[in-house]
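Below, subunit A partners subunit B and then partners subunit C, in two separate complexes.
Right after this comes the complex of A and B.
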């Protein structure tokens, strides 16, 4: 178990370094002087010189990279080009909005999708199964940014039920929650269908397994057979899918945050790209990558906790 | 109290399929007598398992009962539903399944699974756990107090089946159903499970219904027998009546086809010709008539009479009515199924050595180097094959016999260079071929072919039979041949009708898929065929066809076979010599007749004695089953691998591995205290 964790964390570190390398070379592969790119063509020579010195742009590339990695490992992701505040501080004040959005989006998808998939699998061919099958294809097919725009138009502008932009007043929880509803609905909708389909397929397979027949032969109640036995096994591949799904939600969240003007990391990265605020882009992408790696590791640990066969092979 | 605990009465059942209604059961009737063990015997497609599922109400969704009832304690089980049915399942009627690997949920520990079975009882969790521990102890699980918290994958196959029996006995059911309870187990484990079921039956006075295709198991365990064929009961009776005085031609034929019941060694095994009838078509007359040796014109059209005898009955025109034959049934021992004559006289091995293995080792890595360092494991390997040596002469059949995990398949793969060897020599036709690079080995692949264990799984589902059997020719670029003509030649050789060439694997029966496997192996005119369990999963009446085919091909082409199997009754008929493997070592090798008549190694003796005889008068006495289990390769003993289970083991056995020793010409063993002397001919007749 310890060896497994060490191995997984080591691999995670390697991925982070690879991402840093990719980000770093991205910056250096853009033709032209990075300082001019960052500050714009009308920047004064003094400003460019000051920026080049601050960013160590005069040093050889590998030295720059070494500094970059070294600083990153110490938690220093550089400074915002414009405000000169540490990138970590800027991200820290925005990350909560993104985490809340992603978790709420996946959360409602899980709470609705998994029971739907279960019910559909228990009664294949029933009207619930058919409706779920059709709706899930529909929700998967529609991109989340379209859902965002439609939801915004319908619920905020036409019906005026929910607020359209922002994340709500700081400290006012109901207000913040009401601002969360629409974007979370938008990014989670596709996952409801996805999870329902996945759970249904996996559940149908498990319900045909001999050990489910054993449980029935021992007279266990249908409820116990489905929830206590079949779902316990059928949920395992879904957990992996949910873990990886967080990666997809990070990019969905970018769109949702732009459309709903929600001040999360996605919006931050988007703005930083438009402003050529490269330290902020690097920091934002790094945090997103780290979050994704962490979630995938967590999902694997949850599977190990639920499945003794996996646990004993660790 | 009624004599019959359960009565199946006129049960008819259809499956709705894409091909139409399959009339899977037709008018099935038999009683289950209280306190006895009833065996339902039949081949695949006989409907024996469907009967079992009907009793439990666990039929597939597309099943439809069209007539009949199943009486149990004054109620018709077929009409019960919901809570009434659940009050019977697991509580009054319980079940042991075929494969303990797949029939126990992998993610819950035994404690939880067994507590769940007792959910109807008003007991505390601790009381339920105690009851479960008691029963685990009773079925022979060592250290049940802690092992009850184990998960199924942490148990060996035999232990899992013991746990399955404990689970089924937990509620003290009146009726225990067992679906092929030993089919997934090894010979020595099977004997232990049979003994356990007999003990429990006596102790708890449970009535047991065993469903099996294995005549040996039925003879060993059962008091009453129901013989089924193609969805009908053809004969019922007490076990001695069925095995010694069978009256239905199918029962007679089935018994005659069992290699274990053929006393004299014979390369030609009897078979029941033809195939199962298509149950989607309208059926009339006797269901067995198309395959019956004694079929008369009326058999195909007039329904046969049910002729009672004692507590049983048989359904055949020969016994009663206008078509009755006073000379039927012929006395026991008279053959009713003709043996096919050999196509050519059996070739005698010409003595030239074709394949020779010396001191072959195959090692598997158990963990990566980093993990081994972390755990302080000096040598993270296991020896899957250890100092194996054997020779195969041209034209002979060598059987490599062992239980699961003995390394027999690994050794077969090593011979074919599908598995690297770690030391030792493999010589084919005089040339060293161990670990030869594939480029150098490829020409040799034309001389050595493999028949894979899973007949359908080893064939690509998207290729036609024609493409499959000519594939080896294409791989080896045998140019200038007419592939269609080759496909027809090969199909003729394996007696596969040419029309089958355009079929796909899923359209083949088990026996037909085997024939395709044989044809693929033969395509390049090999000299050696490694056949991995060539008859596993085949019905007794069909396996003879494959074995006869293999023996004919051997006679015609001088082939050599390495026959990898666990099936000793078959080996006795087909093998010239036998090598017995245990935990990766060859513990005994010698001429087949000698191995059976006078084994030197106690493990060989246990294997030979471990197969239940399909004869109720030759039941083994209680306590004769060899105890223990095959140890894990990870914990290979320092001394003799078999010492812990050996009834003759002494201190010296646990000190060091016994060397391979010669006891008679061509007969070696690895035992310090062999069961027979060097020139002890008293035990060799």
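Right after this comes the complex of A and C.
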């Protein structure tokens, strides 16, 4: 297990380097002078020159990359171009909001999607199965930004049940939770469909296995067969999907953060790209990539933990 | 010591419980707008640099106006703008064309025990601005002579009529505390080293900026005890927040402005800050396809600007006849060309041009693309094929600059919009001869235009100044390189029980807001 973990961490480090290398290349392929974009079209030549020197824009890309990696290994992600605050501090202020949103979005999708998938698989062809199928496709097909806008129009503007903007007052947990409901609903809705379909398909496959027939023949209750035996196996591919889903939610969260004016790392990166605030982009992408890799690694470890066959093969 | 054992079963159960906990109803708990004397507003982004010398501009100016002294402020008089001394001064007047005397009010103190606001702070602030990224605003300032603890003279190096309106009323005119600024290292970013104004300032990045009543402020009391500016980057999101009752005032985009004009939400009124933006379609007079003035004039006659205003801007913006914006002296009320497709075809025939194919470059914004499509249809009607090239802001804003590459040689047509300040000189400066290849992308020169530009700077007589700027715009139009389009307004929707005060360029001045 330890060797497996070390191998996975090594691979994760390689992925991070590859992502950052691609990011550096892409950033420098964006048309336009980053100094003019950052400082405004009427900035003085002196200000543009000072900015370019400070950002090492005149250096080759690989030199800039080497500087970034070297500093990042020491915990220094650079400074915000405008406010000159450390990027680590800027990200630290927002990452909690992003984690709360992503976890809440995936959390409610898991709580609803997995039971729906189970019920649909247990009664294939029933009205519940059909309704779940239609709802699943429907929720997958609607982009999260549209759900965000509809939810905001209905629950905030028409009904005035839930707040429209922000993340709530600091230190006021109920207020913060109420601000979390609509964005989490919006980004998680599609995942209800994904998870329901995945669990249904896996369960149908597992429920046809000989050992399930044997369990039924031994007189175990249907509830015990489904929850105690079938779901334990059928849930494994779903856990992988959930792990990967966190990556998708990072991008969905950007829309929700913009529409609901919530602070978060996704919106931070989005704004930083518009402003050509390269240190923030690089730091934000590094954190987002690291988070995604960590979640995928965790999901693999959970699968290994839950499935003795996987564990014994490590 | 309690040992916590985790099994696969308890892990799944705990995970489910924690997930469910995330969805416990937290109750509405919403801070509805204007409870007590709290004003909820929108901030379109974090204030990154509050230092007037190095600010980005925009909302940072709004913060400065609440927390730092200014010598003058904008005042609206009907449809025109002028200035008045602020509460920080008891006197601000010209002794002659180049000497502007001021006297600071008594009892103004900097926060943090940094003493009183003095004339030497004014001298320090403006000398510092002359070395800053905003030094262009202080080109006309020679020095500040300190004549007493609270008195001084701003000495100009030449008569410069717009000095008060353009420099002192605007963000660069902010005065900082010398002692505190030097103690902070000479520059500052997200915190004021010392304040002297109606409000104190604090910011939670990514969330809000909060202005609280300053207990040390001895000037006129602001209308609200607390102003909370929520960071909402997208204007559409801000509009929804306003409709949800979470903010009391927001800027409106053209679509929403048209919707509000048709059916105003209950308890809402609109306030127009100003229309200090001018948009036009430019033509490169040096491009081989457009070097014949008759071709350019044909395009002027071919474009139906009224259709653009109706189709792309829902009738919410003012038709433009030049670069001087509404409310400023020198604004033109008509053009010497009109929408006349038949005349356009005649001019093309006279020039011997047929099958002309041109490219129009524009920012990839909704209104601009709609504008481009209408122009495309207009030009097609006179036999010109127009290709539209939507662009991202990076390459767009440098495509006419010679130092940024070779694109300027390929430029044919483009849609451009500049913002300006409440004086006509600022808009004209981008079209003088020395701006060819910088901002004069139309690439024409005219000695009379250059001479009039210099005259306009120093002319004190308003009627004569107006004549100068009218003539300058006529010269521009006569090049055939411009199709004037519109002046987009800065419009705010706000609660009917609030009096909103905004600068002509759109910055809100919270301390002058009043509950009605």
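Note that the second predicted complex is superposed on the first by the 291 of 314 C-alpha atoms of A that agree within 3 Å, B and C clash if a C-alpha of one lies under 4 Å from a C-alpha of the other, contacts with A are read in each partner's own complex, and residues count from 1 in each chain.
Throughout what follows, a residue touches a chain if its C-beta (ideal position, glycine included) is under 8 Å from a C-beta of that chain, and two chains touch if they have at least 3 such contacts.
Note that the structure is a prediction, hence the values are computed from the model and not measured.
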Partner chain in contact with A:261 - subunit B first, subunit C second, else both or neither: second
Touching partner for A:229 - first (subunit B), second (subunit C), both, neither: first
Touched partner set for A:152, first subunit B, second subunit C, both or neither: second
Touching partner for A:250 - first (subunit B), second (subunit C), both, neither: neither
Partner chain in contact with A:199 - subunit B first, subunit C second, else both or neither: neither
First (subunit B), second (subunit C), both or neither touched by A:309: first
Partner chain(s) touched by A:216 [first = subunit B, second = subunit C, both, neither]: first
In the superposition, subunit B vs subunit C on subunit A residues touched: C
Subunit B versus subunit C as contact partner of A:175, first or second or both or neither: second
Common interface positions of subunit A, toward subunit B and toward subunit C: 306
Interfacial residue positions of subunit A with respect to subunit B in the complex: 2-3, 7, 209-221, 224, 228-229, 232-233, 306-309, 312
In the complex, subunit C residues that touch subunit A: 8, 16, 18-20, 22-31, 45-46, 48-49, 56-57, 133, 135-136, 189-190, 204-208, 230-234, 237-238, 240-241, 243-247, 392-395, 397-398, 404
Footprint of subunit C on subunit A - complex, ascending: 30-33, 36-37, 39-44, 47, 80, 82-85, 90, 93-94, 97, 100, 103-104, 107-108, 110-111, 149, 152-153, 156-157, 160-170, 172-178, 180-181, 184, 258-261, 263-264, 267-268, 271, 276, 305-306
Subunit A partner contacts - residues on subunit B that touch it in the complex: 56, 58, 85-91, 94-95, 97, 99, 102-109, 116-117, 119-120, 151, 153-154, 167, 370-371, 374-375
